Every structure is written in structure tokens, then in C-alpha cells.
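Report on one structure; see the data block that follows.
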Amino acid sequence: MKYIKQSVLLLASTIVLMSFSDHDKDKRAKKDQHETPTSTKKYWPNGAQLVISVSMQFETGGQPEGAESPFSGTPLPKGQPDLPAESWYRYGGNEGIYRMLDLWKKYDIKVTSHVVGTAAEKYPEVANAIANGGHEIAAHGIAWDNQWNKNYADELNFVKQGVDVVEKITGKKAVGYNANWLRRGPNTLKVLQELGFLYHIDDLSHDEPFITKVKGKNFVVIPYTLRNNDIVNIEGKHWSPDQFLNQLKFEFDRLYEEGASKRRMMSISFHDRIGGTPAMMHAMEEFIKYTKEKQGVVFMRKDDIAKMVMNDPDTPVDNSEEKFNK
Amino acid sequence: MKYIKQSVLLLASTIVLMSFSDHDKDKRAKKDQHETPTSTKKYWPNGAQLVISVSMQFETGGQPEGAESPFSGTPLPKGQPDLPAESWYRYGGNEGIYRMLDLWKKYDIKVTSHVVGTAAEKYPEVANAIANGGHEIAAHGIAWDNQWNKNYADELNFVKQGVDVVEKITGKKAVGYNANWLRRGPNTLKVLQELGFLYHIDDLSHDEPFITKVKGKNFVVIPYTLRNNDIVNIEGKHWSPDQFLNQLKFEFDRLYEEGASKRRMMSISFHDRIGGTPAMMHAMEEFIKYTKEKQGVVFMRKDDIAKMVMNDPDTPVDNSEEKFNK
Amino acid sequence: MKYIKQSVLLLASTIVLMSFSDHDKDKRAKKDQHETPTSTKKYWPNGAQLVISVSMQFETGGQPEGAESPFSGTPLPKGQPDLPAESWYRYGGNEGIYRMLDLWKKYDIKVTSHVVGTAAEKYPEVANAIANGGHEIAAHGIAWDNQWNKNYADELNFVKQGVDVVEKITGKKAVGYNANWLRRGPNTLKVLQELGFLYHIDDLSHDEPFITKVKGKNFVVIPYTLRNNDIVNIEGKHWSPDQFLNQLKFEFDRLYEEGASKRRMMSISFHDRIGGTPAMMHAMEEFIKYTKEKQGVVFMRKDDIAKMVMNDPDTPVDNSEEKFNK
Amino acid sequence: MKYIKQSVLLLASTIVLMSFSDHDKDKRAKKDQHETPTSTKKYWPNGAQLVISVSMQFETGGQPEGAESPFSGTPLPKGQPDLPAESWYRYGGNEGIYRMLDLWKKYDIKVTSHVVGTAAEKYPEVANAIANGGHEIAAHGIAWDNQWNKNYADELNFVKQGVDVVEKITGKKAVGYNANWLRRGPNTLKVLQELGFLYHIDDLSHDEPFITKVKGKNFVVIPYTLRNNDIVNIEGKHWSPDQFLNQLKFEFDRLYEEGASKRRMMSISFHDRIGGTPAMMHAMEEFIKYTKEKQGVVFMRKDDIAKMVMNDPDTPVDNSEEKFNK
């Protein structure tokens, strides 16, 4: 019953999103004349041709000593505070998340935010700004730390602590999970299921959401991306934001075309201190404008996607990891 | 006698390919006015000026633990499954090969697919989709593993197993070979000759096919590429697909011009999980369209090239490695 | 009283700068029609919408043996002079600084130069050319060497020596500081305050200047950048200057827009031997021209910024490092 | 007396070069209206505003086991032949040099070729093709190997052997030197002077030729480049040839402008197996066309430059390394 109501809400918000893109109708009309007519069968609600789902990691202050940064290539001795590296991290809470929230608001986009527990503790006002903006509060562990090397009980505690801390601050209980560097362990999906999660994102094997069986029950996987992901610039060099914009456009062009005949989802990811910089948000705004030139492009939160596909018979099932999930 | 028939087939398919590119004739007519008139002597059949040969590696599931990926820079302890890395590899079988097959079909291009034996075993439907699309099934070892460190008997077994497994699944027996990371050993060509292979690709020394003598008999080398190769992005960072498109266009422009006065071949390579991503296939489609603006550009399978040049007196002979091939 | 006079001077120079950009008025008028009207409240003097502050490191000859360069990836044995690496460094004093000074003069831009003490000793004529050009002489240590590992007394001596040497040569006493690779230690701000400094730049946590309390008194932090910084190319590969230009433009576009509703500052940094190369200064000139298409963009020295914000009640206070600064 | 004659020859060839660029006069006339009038004093013969000097390294077959290549990041055990890496090197002799010679011929450009002794021994026809094309045969050691770690006698022998071998093959005696990876040692200039060399290029400290005193006599330094150098792509990844073209254009634009008021030289470098690839030569051709849009751009061999500046009182003197050169 709960799902039905959520579907109605989702439907409503999708209609809003799609009508929003009508501003560019004239430009589009001309452009679309040369495009292949789309098939009548649709794979997303309201005839959407492509769903884009944005992840926004909020991690500031959750990082361990020596965490990856433009400084970590030449580490200081253990115990010596790396002050510029710490200031680089703080940028995420001070500027990055707020800048991203402004952009999402300007285009009425709702995203999924993976919130590290200790980040929310140190910056509760940031966590609340995310929640109050209508964005999904998803889990990302109590700290930004290794998860793959924990035993079942420790891992469950690590995840649960993160969920509880963030719920206490924002009032939102996570149903989606993202592990540190995607590196979940063999028990992770069972842990997540036990804690009531609906989905995780730490999988790169498909361009659409799918089901995997965990202890015989449906668990949703909403594939993540290393391609459309600002993490490629965590070292802060050998790269420029126009490359990100080109990657997004090239990826979009193909997925949009494929969306005419199958269910396709495009995943994009931003970390507070990397994607939240001015140049990256400029690239993203240019990309958002680019997607508006096409009809049927919808931005969705991952929890809404998970609820939609969880019991949809069209959703593919992939049990490649079944030996771990029995 | 067999070769003559194949030449006729090849001729026919070349004509099809070349007439295909007539769609853009008007655009071209204008463009070509400023180009140098080509010489009358031709180095490829039907007056083709440049042959492009695409390799498509199918390797999903054949990789060893810790194989190169965006995750292998920070390896997990031996025995610990690297779940996101494995999911990154599965993308090749789930999405990558199918996406590429769609593109080849759209433009009626036949490619050479280097199929790892265990990949075909794990994804027989993918191997068959490749074969059924009219593409060449070439060999790539029984697994995606080191070959240079094997003795003669082990290496022969390693290659033969791969050929046999794939033949059993697809009905196609490979005549072309590609070693893991190109790293064949001193015995490799003798092993290949003993197993009935016509050619290998693990050489970067020329921009055209050539003959090398193995135990006194002709063996064809169809040079591979590290330049027009998606493997440059195996680490998944410091790069964007527009760079690939620029590389292809720059390479093409020069080789096409040279093709007017000598035999030139352009090699391009895609790996299932890297080149099979949406952005890379978008780049490739843009490149295909770019080549259609010129006359006399033909895409060919490598076995067809090998058969054509094997006994052609115009084919250069290079015995740089003769000390190994006696 | 001193500050008032300086504010008047600053006001005057700002007016000059702003009228300078009137050359492009016609082009701009057309362009600006589609832009959001800016709010009436202004965050910089004279209604400026964005302040850009350029750093210019003068370090030639101050580097230790084996200092980072395109050669340091394959170091020579200790004691063996690395002659091409040393010649690479000398470029900064021979060509780099002079080329930059020419560009700043052409566009009447005043920058902040971080001068290493031993660099000024070896190239006094270069240090004086900087000072005589109206640029700020800021401190950068007596040598280009680690600072984070020094005790209080040694660090104070290291900083003071640098200031004294440069003052003796140029007549200018530094009030701003930049540590080697930004890596100050826990005592650095106290050391700087004791020596009469007004500000430091080794912080990446904000896009605007802010106050931090040091022993209870205001100390200004003018955030530095790793993004708009030529240091990304210290290894001399995997990069090209058009990427720098794109980074600057993307960054500018967003910060300029944000500047309509809050105080924003853009930091750009060039090192003598890297940013002072022809291609980089060409990129910078293209960027300067790009900024001239907008109204209200002002280039400022960091000491002028520090004096302006030091006692401005609108300046944010951030005491994230207060445990070190008591 | 000899120098005078050479100057006359140089003068003649310069006139030819400059008239060559008259083809584009109409396009230029329009373009140049907006440019600053050049000063009347000229720093190169015939009123040339900028001299570009191209280096072309011929090294195929001179490399040691495990030499840098796209394969050297994961080296094979000592003694195991790295066959694809060796084939990568052979490309330089098979294709690279010939492709470059074709381009130089098409635009009537004479370059300086740094020829490794063993490369000329293995590919005498290539060495002769270079010499017969009117290009300078300069020295690059007997093998492509470390030079900085040799004592005086060994270093002299290493250099002399290379010169002698190449002279025997081509009939040309080198007067210019380039050390492996630029890494000369403290004795190198004395060794070169003893052997009758006029100049070396392993210095990055200036954008114009200069004199350094070796044992009290003039020795010319013609600065090399790491910026406009295909060696940035020796690893074969994280890069594309359009970046090279952008680097060249940005560098050119600034140096050309500066050439109006001082002597400026642009150095560009290509290695047989890297710069000799189709995409790189396409980039270079695009760059050559770009330079033709400006007046007074001249391509020169380095020996001609050395002879011209050796006794020119306007040539700057830089004795930064005098402690080694006494």
C-alpha cells in the first residue's frame, strides 16, 4: 500500500519535471525532426526515455588521517596534522554542498545524497539543508573508512551507526547504501537487508537498475559510475572540467538513443569537495541545459527508482554474486 | 583454390561497403575538390584507399584475481574478493559487447573479436552473438593471463584450449591471435603456426600488414595499436572520450592521405568493459560518420586481410625476429 | 589611520581598473541583456561583482636538490648534479617572471608575488622588477623547503630570514605568507602573527577571504587554489595549456554568477618556471580578455584584500583550527 | 672565413623559406591589421620575427633492454625479450622517420636530427635518407643510454664513437649534441668542446640561443623543450594529439608576439616512434599551416643557428654552470 502512494507522488513529480523542460520546446522541435521515431513501449513512467540519477556524497570531516587528496601522494608522518589537506576537505561542508544544492534547486532536480555519519555530526546544518531540499538521505557508513575488512557484526554496527546518527539529525532513515570506494565485502548485502535497506549502488555491471536475490528476497542494485564521477579528479591534476562535460555529453547521447528501445539509466556522481567546486558545477549546469534539448529526460532520486523497479516484472535479475548472498 | 573463393566473397562485401558510403556523396563532392588527385595504382581491392580494421576483445570472466581495473591500483589482500572490480568486468558481457554489436550492425561493419576461452564458457550467448553477427572469432588464450612465461608445451596447450573451447561454442575456429597485453614469448609464432593460425596482431612496428617467416613459411602480422585503443583508459581516469575521438580523427586524416600512394591500414581496438561504454561508442559512431566523408574507406576483418596479403608479392617481409622463428 | 589611506588608494586603483574594462562595453551590452539582474547589495568596493587575485611564485634558485620537476620522477644519486633539472628551474628567473610582468603591465594588473629568500638573493634584479612593477612582495620562506617539520623557534627563524632578505633587496616588508606546498605546521599562524603578518594563503576551505582567531586576534586567510594553479603541470606531462584556460573559464563563469549575491573571490596561481612559459601566459591572456566581457571584475593584490576584510563585520570567521591557534 | 660563406648560404635559404610563405598573403593581410606594428630592429636575419627549430630523434635499435615505452611500467624479468616493446621501437625506423621526412619535404623544412650511433648502424638507409634530405645530422651518443654517470674518458669515448659511426655512414660530422634524457654530466661540455662540437641542446633555461664559456671559449646552447616535445607521451596514455597541437599553437602565439621586440626561438621535438605516428604528424602539419598565417616565421637547423649566434655580440652569455666548465 505504501508503494502505491509513493508511485502517485513520483508520478506527480515526474510530470512537473517533464513540463519544466518545455521551455526549450521550439529549439527541440526543429532538432528532433531528424531523429528516429521512438518505439511505443516505454520503460519508465510517463513515457520518459532516459532517467538520470545524481549522487552527491557528503563526507566532510568523516575522512581518516591521510585520506586521498591532492596531498596524499606525499604523506606526512603519522600523527602530523596535514593542515592544507584538512582545509581541502572542509571545502565540501563550507562551499561544495551548498553550491550543489543551489544548482539542484535552480533546475528542480532531486538527488540522492550519501551522507557519512560523522560528517552529519560535524555539520548538522549541512545535512539538514540537504534533507530540507527534498533530496534523498542515503547511507555511507558512520565514517569514510574501509568496510570490506569487517566481520558481519562489526560491519552491521558500522552501517547502523551511520544510519542512526543521520536519522537523529535529519529525521530521515536511509534505504540506500554506498560503501567507501564501492568496496563492500561478501556480507554487505545481507547486512543491508537485515537493516531494512532497499538498494545499494556499489556495482558497475549494468546501465539500468536490476534485482539480485539476497536470502531469497529481492534486493535492488542501482549501478553506480566511475565514468561520470568527479572522483576521477581526486588527485587534482592531469584533468580539466571540460573533459567531464564531454564525458557526460558523450555518455548521454548514446544512452538517450538506446532509451528509445530499452530501459536505460545514467548515473552521475559528485563528492562535496570535488564536484562542489565552481568549475565542476558550471560543467554540470552546461550538461543539464544540454539534456533539456531532448524530450523525456527525467532526473530521479535512487529511492524512488528502487521502489519503482523492486516489484516490476520487467526488471532484470542478476545473481552473479549469489554465493555470497544465500 | 580456397583463397580465390574468399577473395570473391571479399570483393563482394567490399562493394557493398563502398556503396553504403554513397549516402554522403553530395557533401563529399564539395569537400574533395581541394584534395590531391590520387595515384592510379591501388594497394587494396576495388580501389580502396584505406582499410580500417577493428578489434573487439571479449574477456569478461577470463580475468585473474587482481586484474587491471580502476581498482587494481589499491589491491585488496589476496583471496579477498574485490566485488566492485568484478562487477566492473561483468559490464563487458552484460552491456559492452552488445552495445558494440549494435553499432557494427548499424553501419554494416565486420570486426575481429578476440575471445578469451573462459569468457566464452561463462557467456556462450555473447560469443554466439558475436559469431552470428558475421564477425571474426579470433583467439585470445584460454584465460586472460600471462603467456610470455610459459614453455613451448604449456603455451601450445594454453592457446589450443582457448581455440577449442570457443570453437565448440560458436562453431568457428580461430586463425588469428592476440596475446594478453600483446606479450607473446619467443615461441609464440611457432606455436601458432603449429596450430594452423594464419596471423597474429601483437606487433606495433608498421602501419600495414606484413609477412614474417616462421620456420621458413609465410606468417602474417597485422599490426595492432596502442594509440587507437581504449586500453589507454583501463585505469579510468585522467582522460575523456573526446580525446579518443580526436586521436582517431588525427590518425585517420594522415593515413588516408598516405593511402593514396601506399598500402596503409588503420587499427582500432575496443575491450568489452571499456570501449563498450556509452561514451566510447558515441565517440566511435562520430568517427565512423567522419570516415564516411571520404571515398574508398573500407572496414575489414583481420582474417580477410590475412588471406589477401598472405601470398601477395606486394606485401612487405620483415624478419626482425628471425632468431626466434627458425 | 594607515588603513584609511590605503582604502582610498585602493578605491582609486579599483576605479582605474573598472574603467579600463570599458573598452568592451558595446560587446558586453548585447551580451548582458540575458543575464539575471544583480542584487543591490555589494560585497566588494565600488560595486565589484568578483575579485580575482593572482599569485606569482618566485622560487628560482631556492629549490633543494632533487626538488620536484619533470626530472624528479627518476632521481639521480644524491650529490650528482641534475643539470637539465637545474636549467629547468633557472627558466623562472631568466624568462618566466619577466614574461608575467609584461602581461600584468599590459592589462594593468597588480599581483601578489611570493618570493623565496634565496631566490631574491640570487636574482635581486628580478625581485626588484617585481616590486617596481607595483606588485605585492609576500613571503615564501628563506628557501623552498619543508616547513611543517620545524619547531617554533626554527620556523620563526625560517620565515623571518626570508622576510628580512627580501626586504633588504626590495625595500618591501611582507605581510602575507605562503608555505612550501601549502604545508604549514601547527605553529605557523602564531609564528606569522608574532612577525607582524596580516594574512596567509595556505587554506583551501572557502571561496572568499575569512578571519581566523590567532591568540584571540583577527588573522586573515585568503584561500589559495590547487585548481587554477599551474602546479598541476609540475611533472610536465599528461596535460596541455588549453585545459588550464578551460578550467579558468569554467571557474570564472560560476563564481561571477555567484558574486551577484555573495562575496566571491577567485584565486589563480603561477610559478615562475611553469606559469611563466609562453603557452601558459597565452592561456592567461585569453582568460583576462574573457573576464573583460563582464562588468565588475577587479584584479587585486592580497595585501589590499587583507586590509579591506580584516575589520569588515561582513567577513566570515572560521576557527576550525583553533586548537592550534590559542 | 668559413662562417661568412655559411651565412650567405643561410641567407639564401632563409629568403627561399620566407617567400614560400607568401602563398597565404591575402589571408594574412586582413589578419594582420589588428596587430601591433613591429619595431624596426630585427633579431634574426632578413627581418624574421620568430625562428622555429625542430629536433627529430632517430633512436630505433639504440635503446637498452627495458627502455621506456608503454610496456616499461610493468617490466619483464631481466633477459626475457619484451617482443611487443621491441616492435614498438622498430616503428621509428620503419615508419616514423620516413613519415616525418615526407612532411618536412612537403613544407621545405630542414630539421636537426639527433642520431644514435647504433640506430644508424642498424638502419643505415634511414640515416642516409635523413642526411640526403638536407637535414642536420647531430649526435646523440653511440647508444641511447645513461651518460651522466661516466667518467671523462668514458664519456668522450661514448660521444666520439657515436659521431664516428654516423659520419662513416652518412658522411656528415655532427657539431651539435643531445644527451639521453638531457642528462649530461659535469664534464659533458668540456668533452664536446674537445671533440669540436659547436653547441648542445640539453638546457631549458631560455627561449633563445645563448653562449656559455667552456674553458674560456664560446660554446653555444640552443635550448631544448619538454613542452613542445612528443616525449610527454612516451607512456602512451592520458593524452591525445590535439593537446599537442594546442600546446604548439599557444606557445607560438606568445613567442611570435614577443619576437617583435626581442630574439625568440621556438623549439619542437619529435622522437621517431612517438612523433612519427600518423596522428602526431597530422597535428604538426596543422601547426605548420597555422604558422604560415603569420609573416616572418622561419624554420632553421640548429647548426645554422649556432653558427649565426656564436660570434654575434647580441647573443646573451649565461655562465650559470661555470664551476663545471673551467
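Chains here go by letter, A, B, C and D, matching the order in which they are written, and residues are numbered from 1 within each.
Criterion: contacts are C-beta pairs under 8 Å (C-beta built on N, C-alpha and C of every residue); 3 or more make two chains touch, one makes a residue touch a chain.
In UniProt terms, the chains line up like this: A, B, C, D = Polysaccharide deacetylase.
Note that the structure is a prediction, hence the values are computed from the model and not measured.
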Angle, in degrees to the nearest 5, of the Cα rotation that carries subunit A onto subunit C | 90
Tell me whether subunit A and subunit B, two copies of the same sequence, contact each other through the same residue numbers or different ones, using over half shared as the line for same.
-> different
Looking at Cα centroids only, farthest away from subunit A lies chain D
Take the average of all CA coordinates in subunit A, do the same for subunit B, and state the distance between these two points in whole angstrom.
-> 36
Between subunit A and subunit D, what's the gap in Å when you average each chain's C-alpha atoms?
-> 50
Shared-interface residues of subunit A (touching two or more other chains) are 238-239, 243
Listing every touching pair of chains gives A-B, A-C, B-D, C-D
Write out the stretch or stretches of subunit B touching subunit D in their complex.
-> 148-149, 181-186, 188, 202-207, 223, 226-227, 232-233, 235, 238-239, 243-244, 246-247, 250-255, 258, 266, 318, 320-321, 324
Subunit C-touching residues of subunit A, taken from the complex the two chains share | 70-71, 74, 76, 80-84, 86-88, 90-91, 94-95, 99, 236-243, 277-283, 285
